[in-house]
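Below are two complexes that have chain A in common, paired first with chain B and then with chain C.
Our next item is the complex of A and B:
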């Protein structure tokens, strides 16, 4: 355990630690372009220069291992002077694209120039011209002039995805980033190179010109694309509807979580947010065709039919634990309904890194609450019972039954069952066949928790309010409970979760505070 | 807060009897009237040229000269091929304190020009004429030098300038036809895209 001093503060770290990591431990930020904690050390950008006493020259913090008694200065005159000169070299051939560059506003060249650059440019020569706006693959756009050759993307495709598309070609100031001839940057994690690119050389094609980054608000959430539950930040714009055709969610960025996704996110999850603003259900519809009905009317009618009826509920593993708990309490415990969240899964692709075959974010949560798994009935059983005329009420949440069981069967359901309720976020083929359609909020419009396939409870958080008339599922269920005269008087997902933690042993002792930003493991191993 | 009592000015006897004050006012009016009548007539026959008479500008036939830095209605400056110089960086939209600028950028076919606005609206009913948009523009693409002051319309909608009126300050509402050759969204075609880069440009 070598002990060293950085900017006058003592810290002891493990053997083999580098100066930049030791500084990080003290909360001291050393500027970096090529260094990334998830990648190997290249040490080629030279911006992380620090002064180490008794060394004749400035050292790069990312590749200098600590030694006993080392004295490091990260921001004195000498270190900053060195960094200023390095920055001047990096910017020598950098084009003046900032106004039209999508990275502008979150660019480390801009940030560091304003932090310690602020020199008067001395470069009077012609800048080297390279290729601009080169589409490398379905998601990534390359601008070779903006590249500072830090090689983060090269190392990412070499070490993380092991696909090796990127290379740095030519020499001197003609060195340029590119992909090997004949290849395409189309691996399943390709857009991560955009996140790790410290400048505007690699930008997202999907986000291209949609908004300036300073228009974006950010909310922490969890991906609902598969059972992995990668942590991410949702970037959205609410006050400029002319951008992005009025869609609120503009892009998604991974959020660091050492136990789930580290720094990465797959492309499937990253570009899977379109449904939040497209083809949404926003009005309550009643069975007499496309008549928009009021919530009050709909819930009263449904509650009337629920009393004393034989009920089947096909819940969804897209719902939060809180909502599944309410479904269990209301339909299963109080009304004695058949409830299932195990629905025939469409075959999904998977790999050994982040992508899971189960495309639902909360299958494990549903299993813990007894709504899925070996003991619970399956959706197919409930549909068969309904077709046999054994059910008076069928409530389907989110699922497109037409896709799962075929249109003929669902048409039969619509005729056989006394009341066929659909609640969900988006239009699908089942919606026109339902007797009541209740629009529910997308998962980013409500608070709650998911349990990923490893049993980690993670909070999804609420980014913005539900669209138009749609309501959060937990609110719909609580109002229905009120109409049925059930004594459930929780007011928020947080209160529901506390009750859930009391009622379900795997969640014992948990609360939103305990879950925090990074989630915790539930008591049971999967 | 301390209350300060302000006493009203009490009228004197001389003011209260009214007629003398009227006569005082009329004296000022008639002084100007006869002075200007005399001086304008004298100027006509070439006398007293060095004594100025008061001047009335016959607006709107006659316009007052404007200072060169005066901020009048906006315009978008053009490239040689009659497309806007604007690169759609949205800095003006960002800096606008009244939030009256609406820009939608898109990809430009020329790789040397990264992007350009397919929609550029300024709502003059909201604009405060601060000139920040001109100040912030890195391309000198927007200016407030048209000299147009009489911005008036019968509806709020008509106060909204779209890319046609901004590119050609001579145009006045209603703009009758869409003559821009590059793809853009404007009020004339219901916000739908019109124009094409393939069409021959003027």
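Our next item is the complex of A and C:
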């Protein structure tokens, strides 16, 4: 455990730690372009120069191992002067087209210039011309002139995806980033290179010219695209409907979680947000000619039918633990319904990195609550019972039964059962066959928790309110409980979770606070 | 001859020294030395001595005592470098020979490869034995067709006579030597870029640590030595460290092949003791051509800081030249007489560095290109006096901030030319054209 001093503060770190990591431990940020903790060390950008006493030259913090008694200065005149010079070199041939660059506002060339650059530019020569607006693949656009050749993207495709699309071609100031001839940047994690690009060289085609980043708000959540549960930040805009065609979600960025997804996110998850603002169910619909009806009217009618009826519920592993817990308490415990969240899963593709075949984010949570797994009935059993006339009420959450079981069966059960309720977020083929359609909130419009495939419970966060008349499933269920006269006065997902934690042993002792931003392991995957 | 243009002085045939005592004794024959001639001359006796009667430690010790220093340019003590190879390792160890002689003004390794390749091979056998390597790579610059062919001829001879391959001369020591041809990048002469290139990658220097002796070629312990350095080794073992060390000052033993080019009467390769002064060396090459006045000398390849005519009473060993504010470098001595325009000379140098920067580190990539564009503007008559201070500031900004020393090497000419010949630069900028005397330049010899 060598002990060293950085900017006059002492710190002990493990052997083999580099100066940049030791500084991080003290909360001292050393500027970096090429250094990325998830990639190998390149040491080429030279912006992390620091002064190490007894070394004649400035040293790069990213590749200098700490030694006992080392004295490091990250902020003195010598270190900052060295970095300022490096920045001037980096900006010499930079096109300075910030007004039309999507990176503007989150660009480390801009940030570092304002932090410690602030020199009077001396470069008066003709800048080197390179290619601009080169589409590298479905998601990523390259601007070679903005590139500072830090090689993060090259190392990402070499070391993380091992697909090796990127290369740096030519020499000297004609060196340029590109992909190998005949290749395309279309691996399943391609857009991560945009996140790690510290400048505007690699930008998202999907986000291109949609909004200036300073208009975006950000909310932490968890991807609902599969059972991995990658942590991410949702970037949205609410008060500028002229941007992004009025859609609220503008883009998604991975959020660091060392135990789940590190710094990365797959493209499928990243671009899977379109449904949140498109083809949404936003009105309560009744079967009588699909007229919009009020929530009050709908819930009163449904509660009336539920009392004393034989009930089947096909729940969804897209729902939060809190909602599944309410379903268990209301339908299973209080009303004695058949409840299943075991729905035939369409085989999804997977890999050995972040993409899971199970495309539901909360299958493990449903299993822990007894709604899925070997002991729970399957959705097919419930559908068969409904067709056999053994059910009075069938409630389907989210699923498109038509897709799963065929239109004929669903039309049949729609006629057979007394009440067929559908609650969900988006239009599908089952909606027109339901007797009541309840519009529910998307997962980014509510609080709650998911349990990923490894048994880690993680919080999702409400970024913005539900669209129009749609409501969170937990709110729908609580109001229904009120109509049924059940004493569930929990009011919020956080309170529901506390009740859940008391009732379900794996969650014992947990609270939202204890789960925190990075989640907690509650069970071990079978 | 183009009409209207004066006929230029025909380029003199280079003079190739064959006086010895260490490196050049067999340079006489332009067809090169064959195995039998080399053996008749006492060749491979040193290798036999090392393999049969010395331990690797004794070999390293002898080379250290000879005060042999790396003659590729850095001047690192060779024996010490060899001793950095870890003793306890399960990995193979490699010897890599740097024959990527690319420093402008340097053409010595070429003559060793062409005219005395067995001296290099014998040095390789001894060095490989000393560091425990069983595979040596010789990285030869792409432009060196004939040297590569000659060395391959010698390697084939050595294999057929059991001086390479399995169980060399029945001693149980194995060694294979493989030639790798470079593709013409100057940076591949930098030892870590050379290793990357040898592995099949783009010639990018590597960050240190780790150093090649710990993790070099294919992440294995590796020693990279220059051709001339290794060619000195057989002499040391045959004649003893004292004799070699005695040829030079206390800090450096032996002789060097100095490459004299530019405005000397008799350009060529001269083997001289490292302690010889630069003035004496120029005299050895017949002095400045046409009886002209000496203006400046680059003592150790284009990267070395330039010396004025009044600074040439300096010995040519590493320490003396460093004390004089320049460096011995690769031994490439470029002589400039009074007809030389320093602005054009610097323009030529910076264009070279702008072309050859690998482009990896920002200060070097951007700095070399920036400097080149300023210098081009100046030579086109569009310079401003402020440019000179800008050039110095850019040069100091590049210096000491990069992975390898290329940026430093690119900065030194800028700094030395401008500070030592500032008046000439200012005159050029003010008048927008060169001040060199065209009459003298076109004068027939």
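The rule we apply is simple: the second predicted complex is superposed on the first by the 522 of 526 C-alpha atoms of A that agree within 3 Å, B and C clash if a C-alpha of one lies under 4 Å from a C-alpha of the other, contacts with A are read in each partner's own complex, and residues count from 1 in each chain.
Assume a residue touches a chain if its C-beta (ideal position, glycine included) is under 8 Å from a C-beta of that chain, and two chains touch if they have at least 3 such contacts.
From a predicted model like this one, the values you see are computed outputs, not experimental measurements.
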{"item": "Partners on chain A (chain B, chain C) - clash or fit", "value": "fit"}
{"item": "Touching partner for A:170 - first (chain B), second (chain C), both, neither", "value": "second"}
{"item": "Touching partner for A:132 - first (chain B), second (chain C), both, neither", "value": "first"}
{"item": "First, second, both or neither for A:515, with chain B first and chain C second", "value": "neither"}
{"item": "Which of chain B and chain C A:99 touches, first, second, both or neither", "value": "first"}
{"item": "Greater chain A contact set [chain C / chain B]", "value": "C"}
{"item": "Partner chain in contact with A:380 - chain B first, chain C second, else both or neither", "value": "neither"}
{"item": "Which of chain B and chain C A:209 touches, first, second, both or neither", "value": "first"}
{"item": "First, second, both or neither for A:247, with chain B first and chain C second", "value": "neither"}
{"item": "Touched partner set for A:305, first chain B, second chain C, both or neither", "value": "neither"}
{"item": "Geometry of the superposed three-chain model: angle at chain A (Cα centres of chain B and chain C, steps of 10 degrees)", "value": "90"}
{"item": "Shortest span in Å between Cα atoms of chain B and of chain C, once chain A is used as the common reference", "value": "23"}
{"item": "Complex interface listing, chain A residues touching chain C", "value": "41-47, 49, 56-58, 60, 63, 65, 82, 85-86, 88-90, 92-93, 122-123, 125-126, 128, 148-149, 168, 170-175"}
{"item": "Of chain B, residues touching chain A in the complex", "value": "87-91, 94, 102-107, 111-112, 114-115, 119, 138-139"}
{"item": "Chain C - residues contacting chain A, complex", "value": "185, 187, 202, 207, 209, 354-363, 365-370, 373-374, 377, 390, 393-394, 397-398, 400-403"}
{"item": "Complex contacts: residues of chain A adjacent to chain B", "value": "97, 99-101, 132-133, 208-209, 212, 214-215, 242-243"}
